[in-house]
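We call the chains A, B, C, D, E, F, G and H, going by the order they appear; numbering starts again at 1 in every chain.
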Amino acid sequence: GDFAKVDLHRRVRCGFPEVVFGQGKTAAQIEAIFRKLLEHGQGGLVTRIGPEVAAHLKAAFPEGEHNVAGRTFRVVGPDGVEPKVGRVVIVTAGTSDLPVAEEARVTAEAWNCEVSLIADVGVAGLHRLLHQLPRLGDADCLVVVAGMEGALPSVVGGLVACPVIAVPTSIGYGAHFHGLAALLGMLNSCASNVVVVNIDAGFNGGHIAGLIARR
Amino acid sequence: GDFAKVDLHRRVRCGFPEVVFGQGKTAAQIEAIFRKLLEHGQGGLVTRIGPEVAAHLKAAFPEGEHNVAGRTFRVVGPDGVEPKVGRVVIVTAGTSDLPVAEEARVTAEAWNCEVSLIADVGVAGLHRLLHQLPRLGDADCLVVVAGMEGALPSVVGGLVACPVIAVPTSIGYGAHFHGLAALLGMLNSCASNVVVVNIDAGFNGGHIAGLIARR
Amino acid sequence: GDFAKVDLHRRVRCGFPEVVFGQGKTAAQIEAIFRKLLEHGQGGLVTRIGPEVAAHLKAAFPEGEHNVAGRTFRVVGPDGVEPKVGRVVIVTAGTSDLPVAEEARVTAEAWNCEVSLIADVGVAGLHRLLHQLPRLGDADCLVVVAGMEGALPSVVGGLVACPVIAVPTSIGYGAHFHGLAALLGMLNSCASNVVVVNIDAGFNGGHIAGLIARR
Amino acid sequence: GDFAKVDLHRRVRCGFPEVVFGQGKTAAQIEAIFRKLLEHGQGGLVTRIGPEVAAHLKAAFPEGEHNVAGRTFRVVGPDGVEPKVGRVVIVTAGTSDLPVAEEARVTAEAWNCEVSLIADVGVAGLHRLLHQLPRLGDADCLVVVAGMEGALPSVVGGLVACPVIAVPTSIGYGAHFHGLAALLGMLNSCASNVVVVNIDAGFNGGHIAGLIARR
Amino acid sequence: GDFAKVDLHRRVRCGFPEVVFGQGKTAAQIEAIFRKLLEHGQGGLVTRIGPEVAAHLKAAFPEGEHNVAGRTFRVVGPDGVEPKVGRVVIVTAGTSDLPVAEEARVTAEAWNCEVSLIADVGVAGLHRLLHQLPRLGDADCLVVVAGMEGALPSVVGGLVACPVIAVPTSIGYGAHFHGLAALLGMLNSCASNVVVVNIDAGFNGGHIAGLIARR
Amino acid sequence: GDFAKVDLHRRVRCGFPEVVFGQGKTAAQIEAIFRKLLEHGQGGLVTRIGPEVAAHLKAAFPEGEHNVAGRTFRVVGPDGVEPKVGRVVIVTAGTSDLPVAEEARVTAEAWNCEVSLIADVGVAGLHRLLHQLPRLGDADCLVVVAGMEGALPSVVGGLVACPVIAVPTSIGYGAHFHGLAALLGMLNSCASNVVVVNIDAGFNGGHIAGLIARR
Amino acid sequence: GDFAKVDLHRRVRCGFPEVVFGQGKTAAQIEAIFRKLLEHGQGGLVTRIGPEVAAHLKAAFPEGEHNVAGRTFRVVGPDGVEPKVGRVVIVTAGTSDLPVAEEARVTAEAWNCEVSLIADVGVAGLHRLLHQLPRLGDADCLVVVAGMEGALPSVVGGLVACPVIAVPTSIGYGAHFHGLAALLGMLNSCASNVVVVNIDAGFNGGHIAGLIARR
Amino acid sequence: GDFAKVDLHRRVRCGFPEVVFGQGKTAAQIEAIFRKLLEHGQGGLVTRIGPEVAAHLKAAFPEGEHNVAGRTFRVVGPDGVEPKVGRVVIVTAGTSDLPVAEEARVTAEAWNCEVSLIADVGVAGLHRLLHQLPRLGDADCLVVVAGMEGALPSVVGGLVACPVIAVPTSIGYGAHFHGLAALLGMLNSCASNVVVVNIDAGFNGGHIAGLIARR
């Protein structure tokens, strides 16, 4: 349609097909974009969709997978069956950060990385994190997802040698200001291997981690 | 003078004499207030003073002590020679947080607490903090002073059983916004024994810690 | 489950079991965490739950108590029947601050403190507060809950000798910015025995007050 | 000159001549504006001037008065010798709020009101304020000047029947954000006879108080 | 009940009975407060109520008046039948500012002032305002209600000799930030007879205007 | 009615009739304003209306046009049938910016400009934009609508010689803060032919573009 | 040098040579850029320079003009001697806004427009503005420069038919937040022919006004 | 000394020795830390130092290198002479962003990467950037340094396949708010290979780029 100019060259230019930002798009619009991508031999991944849009896409592309918590839908393209390359480990501070972590997981998997998830190891109970040190040390790239004070990336960053992608979440209340507290914390991290993406941006976290881990 | 109504009842009402906020006051004004306090048998403590004011006060009250880093001047009153009660431990994330920690130290000492200081144990090098666990565990009240992402109080709070007074500092740059990042981090701490005072408020941190430690 | 790593050591380390932050968790998740805590001889307390979750928990743990206004549910553990230690007094500026005060009350009671509540004594009608002076003076620790301009902790702080935990609430409108006005007021309090927790953080206020009052 | 269009009709339209905002104007520009006002039988008042500008104006208008703390210069015009009408009382929370209070005083005096000043009666030592109740009750309009948490107008507002003009000051630090904390506190005052002007706006506070007190 | 301490002395102290802030109170709570006020010979006024609360109050107090747009309910007390004193004129910039203006109107009428309303005379069509000059000139106090850029109080303030109470509204979008743009505009007004109350604070605007107009 | 003072002179003064801001107005109010405009030979355009209001207006003015995405309703007046003058090109960064672009389109068409729309040419796929260079170069004025980082106006501005009206949208999440990120980006554009209107202000963008293009 | 890539094509692409942003550049760097521009037959204009840089440039290019208030230096290029096209009128609210207005003036003159300036006609003295109506009506494009509440563009916009470029200035104090208040006011203008540039951006205001006026 | 706990394990744990944050440290403190690092066979790098500190360090460590623009001083340790691994390309939008870029360059060089710098290729003159495409395509990791609207990382991100580290700078004025505008722009980038570090954080940008490029 006229409403979208699908960036079919992106896979060539950037190594990864365009991913559809589902928020504010109709199911029909997303279906049309997916058809165009598939026609050109590229897989489709859409983020930030609700259950109705997911149901529509599942009907249109029965082979696709819906990640309920992560609010994504993915159709693996002809190019999607390579061997796995690179290890991404996703870590969350609390249980409530899981939806953002799932969005990151699906995205990193779309890069054909080996992805694993460690949940609920926030800094107020440090032993929980220290138990996971071996798994952290194995990663090619870490994604650390945290709300509240967003301190986990700094602590993790000081324990590992690989890059840490910090994803602030909007989990918190009051002076959290919908993720601002966690975001600022992460931007001011005293650990120098920490970089930051937008609040709740599981997609960006998983994407860049996959890109780095594959190198 | 007419410019100030010294709150001489405060020691009775609140257990601690009024402390003079030096910022924006002249040396002569502070001297006058000190004289009034001393006349009434109370010690004098002034915070946030520059070197000229300190020199003036040293000349006026040779027995007084000037803490250069902490920017305080204190004259011990007739009531200032009780035995020490309660242990306050002050912890800083970085070297640059020391002036705020010194202001806290002087204030807690004015409560006749036993005060000690552990500097530069920020969360990006966790082993430095873990080495200090025994000293942390001995405290009746902790004051944790940190700039940058302000993560240290959360980590410390999860390791001890006593109250933690978190003092955010303005040490940082860019998205630190003069201490806002550290302040928000501390207010959103996932450790439930953490309470917060104003940015750079070493005085408040030391004061409340002394008050709690003496109980 | 895999979604949570219950911090069973916290009671040992910090003197108080982990409290579940209910927001964003399912009733089943909370039930599972409670069962784990109870298995280990610890009581369960969950905050920020809605009526459906409360009903589910009441069915699962009939001996538990639901505080409707405070939005908490508590199952007293085997360790919950000590004699009361320490007096916590909770004060609110207005009637609308009561839900936050109730969250504080339940939490301080879980510390086995004697807790009482004085409501609606905001600063625009000072005599109401002055009538309560004797009760204020009896407390080991005060929790002062206020929205709007958040002035009550400063006034109370100047009248008592014990620590004052200030809890800003989101009660207000316009330039209140969901509690920011009250929070900033409290952080800038001219009373030096005032410390601050997050906006609407009744849990944190009650927790730290219990911790201090028991000392 | 061409740089300014002096609003000579303002005295007719609004009952008070234009007051010159000195910040960013040269001494020569201010002198020229004063000459124009005086030619038209109006007095001159300039605010926010430094010592050099004041010296220049004193040389040009030896009969004028320089208020050093308030940073104003005033030349009484031919119209400036009426009997006093209306009582304005200016109250400050702290000693450091005095410069703003002085700007208010000079302005209210330019309305030919009877003006008095009560300094350093902040809310953390309530007895100081309560001692002044009779003087507060006598006022036709109050100006309450406060920095830090800006709580004083709420407390005063609840004790009197006349309008209270709240002037937040930039006195404070950290989360005070140059007066924002005090401003927000005053805008959210629970006392309904409180209205607010800009941070450090002693001129506006004194002006409106004079206008009201004269009625 | 225990939930509220009605400030029955306020009428004596401040000349006006306590007004109930309805937001977050139940109909039963408000009814109880009204009964207490009426027992003591004071009228009742509640603001910020929804239609269900209004219906409940109408049933309980059939003589009371519900202002639908202004979201108020008022029962005139035995003291409510004096002759009118003082003229308040309320001005709005746009049609959408009317609910706030109605809240102001009801409140000023509760002071027994003569109140009139001029709507939709925003600054982008100046002739509309200039046509109303005679009515503006007659007022003892003006209340100017405006959203968007909040420029109307400055323009009105420059045209009249009486005080102007500026009430910013949350009408606007985007960079209006729920009234912040209008609020800041009014606080920075170049007209010196302008004072400001909180965003959407029709009650405060009407209250202070009535207080001033009656003098 | 009394609720609105329709600015019938605006067409004479400003060359364009008053446009009704539909938000917060009832269908009946809008109908009444339209009837008044049409009586005076002016067309009616209302923005920011929902489907029910649109249905009411369609019933009242069957000749009117409802733009569903743009949320506008327009009745062409007797003056609406001149030949087209001036070319406006509207460009969007993403598909989700289309509603704002449609509001701009309807408004520019009401100026009798020739209007065209290029969608989804955001800066992360630059070739999409470069393909449109000839169409961009033909415009008399461009309207560039973008959310997220709001970078498109800067890039477009550097490629053309005509004015660029930048319209930030609220499309984004997290640190987008409802359009603030895009707005600040555009205000700081390094391209000097870029000017900015409010967030989501399609009306303002289309209006000013029409005004410029017709010159 | 290597430090800058002068955009020599800009005159072709955008109709106007690159203008040098002087802030943070050395006199030598600016001289080098000017030489490059002149070599290619283009004039040079630099903004935001201090007196030392200006002196250096005057020595290097004696034919250049230094606008002291506007802080610009301009060397007219071989292309700079066309007849004047288009009328730009620049309006300021106060005397203190003049430096920004001068920057705008120099820039619009570099477009070879006829430029005039009307100073100190702020909205609190409306007659001053109304006297200038004929001059305003003659403009092809207006630049309105205002600090404080930034209301002038709305009032001017409602009086004229041409585009109004609003330039907020940082003139103000307190809740002005260095121009934020004026900026937000202008972005929320109810006059639909108003567009906005950055705070203190006299260059941008003058540039776009020249571009529009020449059409 | 007691003032610092040098994290000598960091090279083992994280692959890179601790870098000294020079801001707020004395020359003597930095010298002491360097001596400790060198004793342990690690090189020393300090950032954010002024000229006096640099002179002191040059005297103490004559073999060290001072980067004047970048405000760094580096002493290559015994471990500093490996062959170069990985290509980092640093890109700046403007000339004024160079100091931040230099800090990044020195840091990435300390990782023994091959580092090159492309300056002044901001988005308003796109051809300048497009000329550099081959060099951009060769990088293992890009660092993109930009102030003003911060759009460059999005455009670059869409043209390359490697990770892009976006470093916002405080270069700008007015609504730039000391780098906030650029920071928010970068966090909201529509290019998914963009991650962000703090404002002016050249150190962090160079560090993470080196870490990634070496992989």
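Note that a contact is a pair of C-beta atoms (placed from the backbone, for glycine too) under 8 Å apart; a residue touches a chain by one contact, two chains touch by 3 or more.
These numbers come from a predicted model, not from an experiment.
Listed by label, the chains that touch subunit D and also subunit G are E.
Looking across D-G, B-H or C-D, the interface that copies A-B in more than half of its residue contact pairs is found at C-D. Comparing the centres of all chains, each the average of its CA atoms, the largest separation from subunit H belongs to E. In terms of the distance between Cα centroids, subunit A is separated most widely from D.
Centroids of subunit F and subunit H (each the mean of its C-alpha atoms) stand 43 Å apart. Rounded to whole angstrom units, the spacing between the C-alpha centres of subunit E and subunit F is 35. Centroids of subunit A and subunit D (each the mean of its C-alpha atoms) stand 56 Å apart. Of all residues in subunit F, those touching 2 or more other chains are 10, 94, 124-125, 157-159, 174-176, 180, 183, 187-188, 192, 198, listed in ascending order. Here the chains touching each other pair up as A-B, A-C, A-F, A-H, B-C, B-D, B-H, C-D, C-E, D-E, D-G, E-F, E-G, F-G, F-H, G-H.
Residue ranges of subunit G in contact with subunit F, taken from their complex: 10, 13-16, 19, 140, 157-163, 165, 183, 187-188, 192-198, 203-204, 207-208, 211-212, 215. On the subunit C side of its complex with subunit D, the touching residues are 93-94, 122-126, 148-151, 154-155, 157-159, 172, 174-177, 180-182, 184-192. The residues of subunit G lying in touch with subunit H in their complex are 2-5, 7, 9-10, 18, 21, 23-25, 29, 168, 170, 178-180, 183, 198-201. Chain contact summary for the complex, subunit B toward subunit H: residues 94-96, 98, 119-121, 124-125, 127-128, 171, 173-176.
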